[in-house]
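In the two assemblies presented below, chain A is common to both, partnered first by chain B and then by chain C.
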Partner chain A sequence: MKRILSQAVKELAQFRRDRLTLALALLLPLMTLLIFGFAIRLEAKDIPIVIQDFDNSQLSRLYTEKLFATNQFTPVNWQSAPETALDYNFAKAAVMIPPDFSQRVTGNQSSEVQVIVDGTDVNNARVIKNSIKATTQAFLQDQKLIPENRLVVPETRLWFNPGREESLYIVPGVYAVVLWIFPSLLAAIAMVREKERGTILQVYASDLTAGELILGKALAYLVVGLGMAIVIMGIGALIFRLRFAGDPMPLLIGTPLYLWASVMFGIMLGARTASQNAAVQGVALVGFLTALLLSGFIYPLSNIPFPLSLVSNVVPARYFIGITRDAYVRGIGWSGVWFNLLMIFGLGLILFNVARKALSRMQLGD
Partner chain B sequence: MVRNASPTAIALQAQDAARVPLIQVRDLRKNYGALAALQGISFEVYPGEVFGLIGPDGAGKTTTFHILGGVMEASSGMVDVLGQKPRNARLNIGYLTQQFSLYLDLSIDENLRYVAGLRRVNEADLQQRREKYLALMGLEQIGGRLAGQLSGGMKQKLALCCALMPQPQILLLDEPTTGVDPVSRREFWDVLATLASEGMTIVVATPYLDEAERCHRIALMYDGQINEVGTLKQLRLNLGLQRLEVRTEDIPATEQVLMPLVEKQTADLVDVQMFGDRLDVLVKDPTQAEPEVRRAIAEQGIVCQSIQQSEVTLENVFVTRLRQQGSDPPFIPLPRRVRTDSQVMRSNGDVRSAPVAIQARQLRKTFGTFQAVKGVDLEIRYGEIYGLLGANGAGKTTTIKMLCGLLPASGGEIALAGQTKNLRSRELRKRIGYMSQKFTLYDDLSVVENLKFYCGVYEVPTGYRQQKIDWVLEICGLQGQENMLTGRLPGGWKQRVAFGASVMHEPEILFLDEPTSGVDPLARRQFWRLINNLAQQGTAVLVTTHYLEEAEQCNRMGFMVAGEVVIQGSPSQIKAAQPGQLIELRVDQTQRASSLLKTQLESWRVSIFGDRLHVVLDQPERELPKLQSVLAAAEIQLLAQRVVPFSLEDAFISVVQRTEMGTKHRVD
Partner chain C sequence: MLRQFFASRFWALVRKEVNQIVRNKQLLIMLIVPPTLQLLIYGFALNPDVHHLKLGVVDYAQTADSRELVAALTENRIFDVEMVTFDESVLARQVETGKLTVGMVIPPKFSRDLAGDRPSPIQFFIDGVDANTAGIASGYIRQIVQQFNQQYLSPNMRVPISTQVIFLYNQGLTSSWFFVPGVMGLVLTLIGSIVSSITVIREKDTGTLEQLLMTPSEAWEISLSKVVPLFVLLMGDVLLALTIGRLIFNVPFRGNFLLFMVLSGLYVFVGIGVGIMLATLCQSQQQVVLTTFFINLPMVQLSGAIAPIETMPKFFQYLSIVNPLRHYIAIVRGILLKGVGLEALWLHVLALAVFAIGLLAISTNRFRNQLN
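Up next is the complex of A and B:
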């Protein structure tokens, strides 16, 4: 135990002196938090749209007003053929109202409004399409053009995030990404640096075991990671106004566990690579890819296709996102996330063993 | 273990008495894939012994240390350290690895504390040993300084402190003094001698053969095998040769006279080596050979100044043995394209009348508030080899960088090949060769790709490129392996390739910054033959080096101390300019005598060389009797004493120490 501590103390002293690692530990996580927190917006807003109103009646103008009332669209002034606005990327959609629009509608005849949507961005195209459909439906209801007594009426209520605040969705996920990437990066650098500079020979020449070496380093970077977690969670709460939704205990216990897994991941890669470059690239690439794409941070887990969905089961970020979202949004507490904590701890243990195996001989290879 | 006995006494005692070796190695083998790094070596190391492992790069020294230190598994064979496997004995072994084994971003104290933690040393012992060892190394005042800010010598002393922290029974030192300046090297070895006298068993590898002479026993290693083990005396005896130091008016011409005699093998001459202002001729029987040499020289009308007989040095032994192994790298002069003006000028007469190639007047450089170079004057002619010597941080590299235009000077004048302006012009740069201290080759290119690249950079005409590249490959012994990645070459080989790359364009002026650090003696010898050959063709060469023994090869040299050239002249002039005399003493208790004499004299004046003491005395007539009585009072028996000529290293240390005390010397 004493040797683990002395290893950790040395590691922290080195950490304090290295500008690169200090930046990695403080500045970059904060920047990542701000960039992700502000830049990622999934809700479509202010979509440019061209309206060609051949009818130009009171009714047709009411219809267009209804479209813009959602704040989802902004009008684009376009004189030539509306479809060219899509060609030149000035608008994402075009709505063409026929000359006999009001005539036919008031005459209780069906009128065809043509809508062209730019399908390049698949997701947005669907959003635009649904939105126009829904507004048209609302327009018809307002104008009393469809009967009141429908038989099935869905009464929708949004739980947990009734205001549909996007930061509530994104920021807890960012915590998981940041606390996965940076602690593991620091730990990987610390591990591989010993090999690169040859100081690892001194460790090999003592009778320190691989487990002690790894735990010593892990302890140091666990401390660093906790500092990082306090900073970004504190600042995140201030800027994005996050409040605990329920019992914070799972998060308070889950964060050190998650950091442990993160640090072990870094040490494991550090133990298996030969240079800082390789280690940094390995951690950054594997870490970013899994934490961003396979964790449910942005893309729903249920959307991940079959073989990849198996991989996502062993991505600790996935389980930690469950914990942070519970803490800040859902507020269910232990009963909702106990399994996540278990998984994170278990994955950390597996990573620890892989790292220990890589170093088990505590000797130079051939 | 008997305290304070002389190292020889201990070694003899160890051999005579119990003969229980602390380290026993039998038929040790190690393979890295297809490469056999160790091909069955065997040796023993006895308690209290300083055991030297010397050999060229790639001989397998570091592999041996890794196995002894328990950080690497042997492929086969028996290794027994302190009666167990090295791995189980690790806590009783202090291991200083070849790369600095310190954490450079930790302070001295933090490094010590970390090692103490690693090696299960308790707090009380840590404090006590910290004080003891830091005092021994002279580092006690600066415990808070970062290891990265220490000089090379101090770093190695600190690394030694760390290795000593758990009070091991055995110290393994893998080239502890490589890249360390002469003053620090000597201090380091004094510390080793002290430790050995306290009963520490030390195994040490070193590329400096003068240092290796201070070991009790020496193993010569080559190509994964140990060729010979013995005391310095035994090795000399086994070689069965004597050395003649020949000084003449024209050294290169003399070498050309004597070389054929060696090659004929009918004469008594075995080998000839050139050292700046003298030739070392190895002979079987000096009484027969000396007249022979005199006659041969006289026949060519060369005036012979002196011939002195002396014992062979370890370097002589080593080089001769390696040559018997057939591992002498070939000496092939650089294939030349054209005769330059400077060559014509050189061939007309001797160096002193050749035009000046490199000139500096009152050259200064300041970095912020730090004065790195303070008013250096240099004048180097075509055909001359000028050596710039000095400790780490004395300003050598800065001076070279300013001279070849890589660094703007803060003040003073520079003239290169007669030009004073536009020192970075394309035309001028093509006439200059520069080999920097750090490797300038691309590790991720193959050897031949590197050479092709430099051919292109220096605009070697296309028709000559193949010839030049072949030449470099040949002098490096790399034919057939030219497609090997440069990063895979051992350090010494990279140096040779880098040297080849820097002279392919036949520069008139050549700057070499520490060209031979990490290069083994045989390759160093080849290096110097090539440099000598270039100089004879009229190239002006400015070289910096740490190895004072090889500095003897320079025609003239300057010692730099703290940014100033404090003394200039030929090696003989510098040695002759030393005030006082160098006295060699043989006593029965070397270590005790050394400690005692250091209480009487300034400590730099006393140093241990193997089983002898070197003492520098300004007024020997008055001081020597006093020292003799001091020794006699302490019951130390004086076996022999004689006046020996100053070596360059003695001169260097003396100059540095006197300068630091405020006295200046100048020879013109």
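Up next is the complex of A and C:
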């Protein structure tokens, strides 16, 4: 135990002396939090659309007004063919009102409004379509053009996030991404540096076991990681106005567990790669990709197709995102997230064992 | 003339660079494996489709009408009924814990209301944690219920206005068509900057740069001989990424191939420029890999590769104008999906050219100064 502690103290002293790494360890997580937290939004606002009103009657003008009343769209002036407005990216959609619009609508016939939507951005194409359909329906109701009786009326309520603030979804996810990448990156670099500089030979010569070496290093970076966690969660709460929705205990216990798994992941990569460059590439590729893409951070987990969905089962970030979203948005507490805590703990244990084996094979006696 | 070129010092330097790169297995693997993996994982895993949402139903009415309404909701596979219960609190609990996305409660008087020509309210509660999915789901609910009203309840009713929506460029809304062109740019950025910074810094690290300087080679010959082989290799990555996009994701290629290659070449110069710049700023390989991380992260996130530019706050939208990757991705999406040419893309091309020339000029200049 004492040897583990002194190993950790030595590691921290080394870490403090390396100015560049120290600066990056402070700046990178913060930068990531701000960029991800502010810039990852999925739903577009102020979408530019072209209206071509061939009818130009009072009714068609009312319809146009209704489309812009939601503040979701902004009008774009465009005289030539509407497709070219989309080609040139001046507008995301075009609505064409036929010349006999008001005549047919008031004359007990039906009129077809043509809408073309830029399908490049798939998600917003869907949003635009839904919005135009809903506005058309609302317009018909406003104008008393459809009967109000014999109707099923959906009363939808959004739980947890009635204002549909995307930051509530994204920011707790960013915590998981940041606290996965950076602690593991630092631990991997520290591990591999020992190999590159040959100082690992001194460790071989001592009677330190592989387990002790790893635990000592892990302890040091766990401390660094906890510092990171406090800083980004504190600043995140201030800037994005996140408040605990329920019992914060699962988060308080889950964070050190998650950091532990992250550090173990880094040490494992460090033990298995030959150069710092390879270690950083490893973290960037494996750690970053899995935490970002296979964790349900951006789009729902259930959308990941089959072989990849299996991989996502062993991505700790996935389970930690469950915990952070529960702590800040859902607020269910233990009964909702105990399994996540268990999984993070288990995955951390597996990573520790893999790292220990990798190191033992490189001659450290056990 | 040609023979003269092949006998020149410059050619000898290029051959030295090529030999060095080809002999470095790690570098070759880096040029092939990470781009392939990234394209595959981004392309498959990022999927904003809203379908097979888990729906829980409490149907107190138990009539033909209510069953028809549930059937209408599940018809298009947007919602799948996962649970049917008579206990509202159980349903609420499932939505609370996120096991169900949507809960629906049909009141006992549902059919009586309809028969009595009264509006009949149905409660839907949606798990709002994922704001985007929740928004689209509630949009679908409204549309489906409205269709139900028209088709089932009053089939003879006239629809005064119907909207005919057509999606241009991507009719089936295949999500990978959006992400793959973005990831092509992302891959070139990451690989281009890392590979070029490493080939330069290694020469500094191992001290072979001094040896090069002792040869009669001019500084421009040394720097140009570094750029040319990197350019060729990275153009290979452009083709690799394009092949994966075409063959595996069936992304269309509607524009001009030559234009695509020329503009990709321009972007490769940006990547090399960034890489050499970092190599001249840093002292060691470790610093280089860490700082590339520092540069690439914001460059990728503010490029529209993953989250579209239009959805970002205004400040970040303006900031992204100085991001060359943003322009390259707009160009790739334009050429591949929209099939447009210079007439629509010239602004992006202009911006890209400015960045490419500027970055390359500044970085090779710094490199030359360090040589002298």
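Going forward, the second predicted complex is superposed on the first by the 359 of 366 C-alpha atoms of A that agree within 3 Å, B and C clash if a C-alpha of one lies under 4 Å from a C-alpha of the other, contacts with A are read in each partner's own complex, and residues count from 1 in each chain.
Criterion: a residue touches a chain if its C-beta (ideal position, glycine included) is under 8 Å from a C-beta of that chain, and two chains touch if they have at least 3 such contacts.
Owing to the predicted nature of the structure, the values given are computational and were not obtained by experimental measurement.
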Margin query: If we overlay the two complexes on their shared chain A, which of chain B and chain C does A:M1 touch? Say first, second, both or neither.
Written below: neither
Next item on the list: Kindly classify A:Y299 by the partners it touches after superposition: chain B alone (first), chain C alone (second), both, or neither?
Entry: second
Next item on the list: For A:Q276, decide between first (touching chain B), second (touching chain C), both and neither.
Entry: second
Check: In this superposed model, does chain C or chain B come into contact with more residues of chain A?
Finding: C
Next item on the list: Examine A:L86 and indicate which partner it touches, taking first as chain B and second as chain C; both and neither are also allowed.
Entry: second
Notebook entry, point to check: Counting only touches as set out at the top, which of chain B and chain C does A:Y204 meet: first, second, both, neither?
Noted result: first
Next item on the list: Pick one for A:S110: touches chain B only (first), chain C only (second), both, or neither.
Entry: second
Notebook entry, point to check: Looking at the overlay, what does A:E43 touch: chain B (first), chain C (second), both, or neither?
Noted result: second
Next item on the list: In the complex, go through chain B and note every residue touching chain A.
Entry: 31-33, 66, 69-73, 87, 90-91, 93, 95, 97-107, 110, 113-120, 146, 162
Notebook entry, point to check: Which residues of chain C touch chain A in the complex?
Noted result: 26, 30, 34, 37-38, 41-42, 44-50, 52, 69, 95-98, 114, 117-136, 138-143, 145-146, 148-149, 153-154, 157-171, 173-175, 177-178, 190, 194, 198, 285-287, 289-291, 293-294, 297-298, 301-302, 306-308, 310-313, 316, 330, 333-334, 337-338, 340, 344
Check: Residues of chain A touching chain B in their complex?
Finding: 2-3, 5-7, 9-10, 13-14, 17-18, 197-199, 201-208, 361-364, 366
Checklist line | Residues of chain A touching chain C in the complex | finding: 20-21, 24, 27-28, 31-32, 35-36, 38-45, 47, 63, 83, 86-89, 92, 104-105, 108-127, 129-134, 136-137, 139-140, 145-162, 164-166, 168-169, 185, 189, 193, 275-278, 280-281, 284-285, 289, 293-294, 298-300, 302-305, 308, 325, 329-330, 332, 335-336
